[in-house]
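Shared between the two complexes below is chain A, which has chain B as its partner in the first and chain C in the second.
Our next item is the complex of A and B:
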């Protein structure tokens, strides 16, 4: 926490936006420029760059400030972005990209009309792949065998073998590696992670001590100046408070509305609701390094011990759906034949007994015959203000108590939680949410090779069968085979319970009606924000 | 249960969103009506089991039949697209199940020449198991018959008996670790048809022996059910028995068209224009015409019907009229409207706080939203809704499988997963 505050204080940038001198593209959609948009997020990002950032708040911010070689259209087609065009070799291994002419890095921090070149793109790949760069993206680029610059505007990337969605995987956001403290890798001690420069439609102006991130329009944006003048992200520690802030006009938008508040906002004629982030779910993650949780029976017992439907109905007004495995029901990979484990405390007790927990200690909780108590610490990534999640974990604690498992609750601020979980692996059980793009790639969550610092398999789950299936799913070019493998993975992980899979919540973004032409990317959110506008009379 | 109560007794008691639990449903007709209003049709019927013929039971079959008709059409659309994707994938080219099921789907979609070609290709293949040859032959004959009405249509009904809609007709493993499922669309059609038949049967005693408004409406919906299974003349006769125009109100145009439709087979050129002008005044009539245009029967009216359909729900309160909005959306999409435009109107009629709940949103509305979402490749939203609907309504699995397959074939993302609080 101390580190974060000091960085936030240091990160006041406030450099006036200078118009680029050349290559200005004019939009022809006829919508007016001007106006400011303030939006609310639940929590604040640890970093603001696209390489080290690993959370959804950060992903959405980087979508505003950075670009990749390619992007996606509202119709989900792969479209040009930094790259104007590309060629694919007949063996589908080599991708040759020609960059658009005249793309420059944002005019900040002493840069003036500095062009984005092939060196920057390849430099970004170097940084992502460097062992000292701690990024969850690394696994995505292990399939790159070679890359080279042909000239300043042309580059070539070669894959070890053809892969599904190669262009999608090559949509990583480019950074100007020449401004990094060490140009070959990016550490969290580099000021760039808090004060980044991109090529995107909006550029960072200021981060406040309270965590506000202020971004102004980039006048030299290569697709033409975005219509809005400024976008500000305000972090909140409590979703209820965030909704109240929007209802009192302190916010124009909330990216993920508290499910409990949907009815209230829906009834307010000032707002539009847009469905968002269907491919996400909430889970309890179990640290497989823990001597009790490494036993499948204990993990299964936890799933049987809790009444998830009751929790969903009580704390989220039933706004969501229970899931049975590692994919959301909106995914093509969801195995419809696998049903969620039922609430069955009797079965939970049986499983615990079978796992060797048949003795009850003086405190009423189970223990091993050698007297080791069946006790866990649940780390919750919130301040204590959040009533909903607090209630969920209190009930979880109570359900487990009913079958003889002791759970202590530890509330941690988001950044501290991430360090405990992703770096130190200092937890027994955690509660969090995963969100996925539509490739249904869960390899980084459950492959045994993904357990290092800032890697996504923070629970340390290891199962050779699962590893084998993951590798097979990643390497096949046959999408139906990939579907079969993923559905098999669903089945296996539903049995194995490395997580207690809870639910997918009903997710809506709420946006003031004054913001128009709103189109959302289902995962990245702000992909089309350069075309959003506010009518002159509403600015 | 005591444990659940104690866990929740941490002092945190919340309302559960106003949904009525099974235990709270009143006895008898009142309870059945409540379940019916919540779109739990099968439960409503169960609630009245043994109570003798009632209008509500018949009407619930009509609602179900309308839904399964729409599910069938959506399944056929999605299935045809999915098979085309499957065929384009390397490694699947020699799989005999693809042309066979393509033939089945084309047949259901009314693409008879393509069905004939695909089924002929499947029959030529030595890989087609002998058990499937008579089925392929019957469907092939049907495709031929549909193109030349003089010949008698083949009957393949017998082959459908005893088969469950949610079970795949074939589960093939063309290579190790790859399983393909094929669902015969004739089963989803049969599912809808069975509901229509049950509706006609249940409504008959009410229409014949009932009194007042209930008898009139029973006669109308029985007529509609007979019409839906192709019994046009009995349908017209039954419709005529629904002779209280004040009760039928907005349904009168539908009644008129169904009655007129019975004579079309005997008339060389039906006078569409006159009937259209007479019946276009009510949205229910327009929806009915849209279905005739879709099926190819009233093609000359496509432009007028399309224009009338566009504005047909403009003055209709979005809340409480989900079924009409759903019918409207499905009709517009079937006639080729821009899906985003349709979706905007449909979403306005959706109770978003209970987004996918049948108790709050009419199943036809949800299905229409799914279809519009699928049309713009927003598969996650469509699949999420179908997942929730499938908890109450059986028979959606073929649609879910086909849509999942389309999504798998068309997804392009790079493989990102992000954590959040």
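Our next item is the complex of A and C:
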């Protein structure tokens, strides 16, 4: 009943707006308007606003409902969004943005054609930087030293020091701070976090008790009305059931298909699969504080002992790419000349022998002459439903057994695992995943100054050469020079093997064929959803 | 073969002393239950609180990337979340608010815990309540048929079914049922796209799975049968039979109300536990999913709220048992 009421209200509000807004932008692509899209996600978002949101489900939703000063093209180049154009000062520190004319906040909760101004953009920065706002964005905007409004349409942001790709980092999404409970910060007790207003192509209509997030098209969107009338996100607690739901036509799309369902959906004529890079990589991390693992030869032997291609092929149907270093393959920092170490158990045994493990103990595993066994504990985080990781670690155990290294497996609940690894450093080997970053900044991963509690160099890797390269890469502004340094870093780390780098996986979105012109951004996903459409006959 | 002792005696006593004002006795029993419940709640919540405090992990990870922060920044976040205060202070503050009906706000969503509990709790109650009724109905029917030996074939089949289904893990049964009834036969909708949770077909499958597959069915059937067989050998039943009086009318109090109400109270926690799994499999937006998410996030206020609510539900089951038994036999209120 309540649902009907809210829809009726929306209709009442929307009609006069359409009549009064003279400067509505219309699209010229000729695609039809109308149709609804229902998509499935694994898990529910904690919050729906772009400031406090800290999970992928929520971040994808904010991409539909909000905009930043700048956005990204399908090739991940920075393009204009709320800002029409910008000027960069000669010292590369000051960015002057000119906002697009006619941008309004969505007509919800009493707002009617309220323009989005420079005050709102800077207010959002204030909120992000306020100590009482708990947001993952804060660290990112520490690089901002100053900002000011020039007029309602113009603003200026000054950085502490020039950095590469600063523009891309200024893509934070604007919120109307004047509607917040307290205009200077945003806490989760503010109803805005569940019921936000943005400038985006779609506006929130309601969140059902079951967690469905219903968004309707924003007729006053500054890039023109999106084609779809409505997008609904349905949360699932089980990936198998989610795939079933799509096969029963209860869903039009799944953002990230369960790897083991890919083959089935691929064979189904109703769906298109859209691959996108997972932008993360899987690795075995070796604790350099361990007396065996601090030897480079042991780490190299581990890499030679395992057949990564075979693991990728049999567990992920080959849907991914082996990597040799800590960058995204295909990114500007990745060094294609460095090949992943090949599968060569003989070489592994030689290396271990050279490292002083020449005696085979009674249990068949290697040990030092003084009788210290070559045995490790592998700690595995129990993440949501990750069955495949279990197979990976079992095979890893077998590969290492074949060259004489003993590995015990220990599964730990996710938060307990994090405490063990990041705080207590109580592990020998871990299996983990890092998400790539636009900036290809790996300084916190391998710098010797980052080995404390909750720091990213949890393996305790320390190498003066690597430290030097990292500092050099961080301080240069020349992209070419940075590329050279990163490629050098890649080469060194591939030799040093602080991690056994495994692979980066390909994700697949499954979409009903009736949805057309589907273009995806690798991790923002919905950036181009305003151009998706459903043909009239399929609506 | 456990034959409940003293039934004959109690009934004899009752006949001698006519039961005066059974309503007042029920009320007295309820008051006693309430006092017990209060004591239990303090114990359960305190235990949960200490357990959470000792568990690794930090809810701050829900808000920020902990590895991006310096120690001071992390301390500031913990201060914002109220996690820097000492344990006794936090517990006392929690109890103080709880007494006034305020369970705090979810660290994850920012919504009031009481609202989250209502929104998900009624669904869980609906699921567990219906499932419990189904369990009891099935158990009672099977036990009755077995004890009276009237339809040995049906009784045998039902008994075997109870044994087999109790041995199956409930999550597996869930997938199996979805596969058979939805994927293969298409009898039930997996979910309709709009109002999935209110569709009767969507409701029926999880109740069937939880009601029959919660693992207590065979135990309950055996317990009831043993009890019924005992009661059937009582003199007054033999007399009733000899007179040709309807058996069930004489049997229902001692044969059904008594054992069924104690089974209800004893098995409710198991069914609640099973509900967590069934809610996952059927995408049922109930308390089970809430607590699962909250445990992964270390969402302390939600976990405390769910603990409290579950303890209350279990105690409510006990209260129903006491009330039913006292109503059936006011002597028990003494």
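We take it that the second predicted complex is superposed on the first by the 293 of 539 C-alpha atoms of A that agree within 3 Å, B and C clash if a C-alpha of one lies under 4 Å from a C-alpha of the other, contacts with A are read in each partner's own complex, and residues count from 1 in each chain.
Criterion: a residue touches a chain if its C-beta (ideal position, glycine included) is under 8 Å from a C-beta of that chain, and two chains touch if they have at least 3 such contacts.
For clarity, every value in this text was computed on a predicted model and none was experimentally measured.
K.L.:
With the two structures laid over each other on chain A, which partner does A:273 touch: chain B (first), chain C (second), both, or neither?
P.N.:
In the superposition, A:273 contacts chain B only.
K.L.:
Who does A:444 touch here: chain B (first), chain C (second), both, or neither?
P.N.:
Both partners, chain B and chain C.
K.L.:
Which holds for A:345: it touches chain B only (first), chain C only (second), both, or neither?
P.N.:
Only chain B; A:345 stays clear of chain C.
K.L.:
For A:187, is the partner it touches chain B (first), chain C (second), both, or none of the two (neither)?
P.N.:
second
K.L.:
Touching A:54 in the superposition: chain B (first), chain C (second), both, neither?
P.N.:
both
K.L.:
Which partner chains sit in contact with A:478 here, chain B, chain C, both or neither? Use first/second/both/neither.
P.N.:
So A:478 only meets chain B here.
K.L.:
Answer with first, second, both or neither: which of chain B and chain C does A:414 touch in the superposed model?
P.N.:
In the superposed model, A:414 contacts both chain B and chain C.
K.L.:
If you count the residues of chain A that each partner touches, which comes out higher, chain B or chain C?
P.N.:
B
K.L.:
Looking at chain A, which of its residues have contacts with both chain B and chain C?
P.N.:
Correct list for chain A: 43, 54, 136, 414, 418, 444, 456.
K.L.:
Could you pull out which chain A residues touch chain C in their complex?
P.N.:
38, 43-44, 46-47, 52, 54, 131-132, 134-136, 138-139, 187-190, 193-194, 209-211, 232, 236-238, 240-241, 244-245, 248, 250-251, 384, 413-416, 418-420, 422, 444, 453-456
K.L.:
Which bits of chain A are touching chain B when the two form their complex?
P.N.:
Against chain B, chain A makes touches at 42-43, 54-59, 72, 75-78, 136-137, 140, 165, 167-172, 262-263, 266, 273, 275, 278-280, 306-307, 310, 313-315, 317-319, 321, 328-334, 336, 343, 345, 381-382, 389, 391, 394-395, 398-399, 402, 414, 418, 432-445, 456, 472, 477-485, 504, 506, 508, 522-523.
K.L.:
In their complex, what parts of chain C are in touch with chain A?
P.N.:
On the chain C side, the touching residues are 55-58, 60-69, 71, 74, 76-77, 80-81, 105-111, 119, 175, 178, 182-183, 189-193, 196-197, 279-283, 285, 289, 292-293, 296-298.
K.L.:
Which of the residues in chain B end up touching chain A in this complex?
P.N.:
Of all residues in chain B, those touching chain A are 3-4, 6-8, 10, 12-17, 19, 86, 89-92, 175, 177-180, 351-357, 376-384, 387-388, 390, 397, 400-401, 404-405, 407-421.
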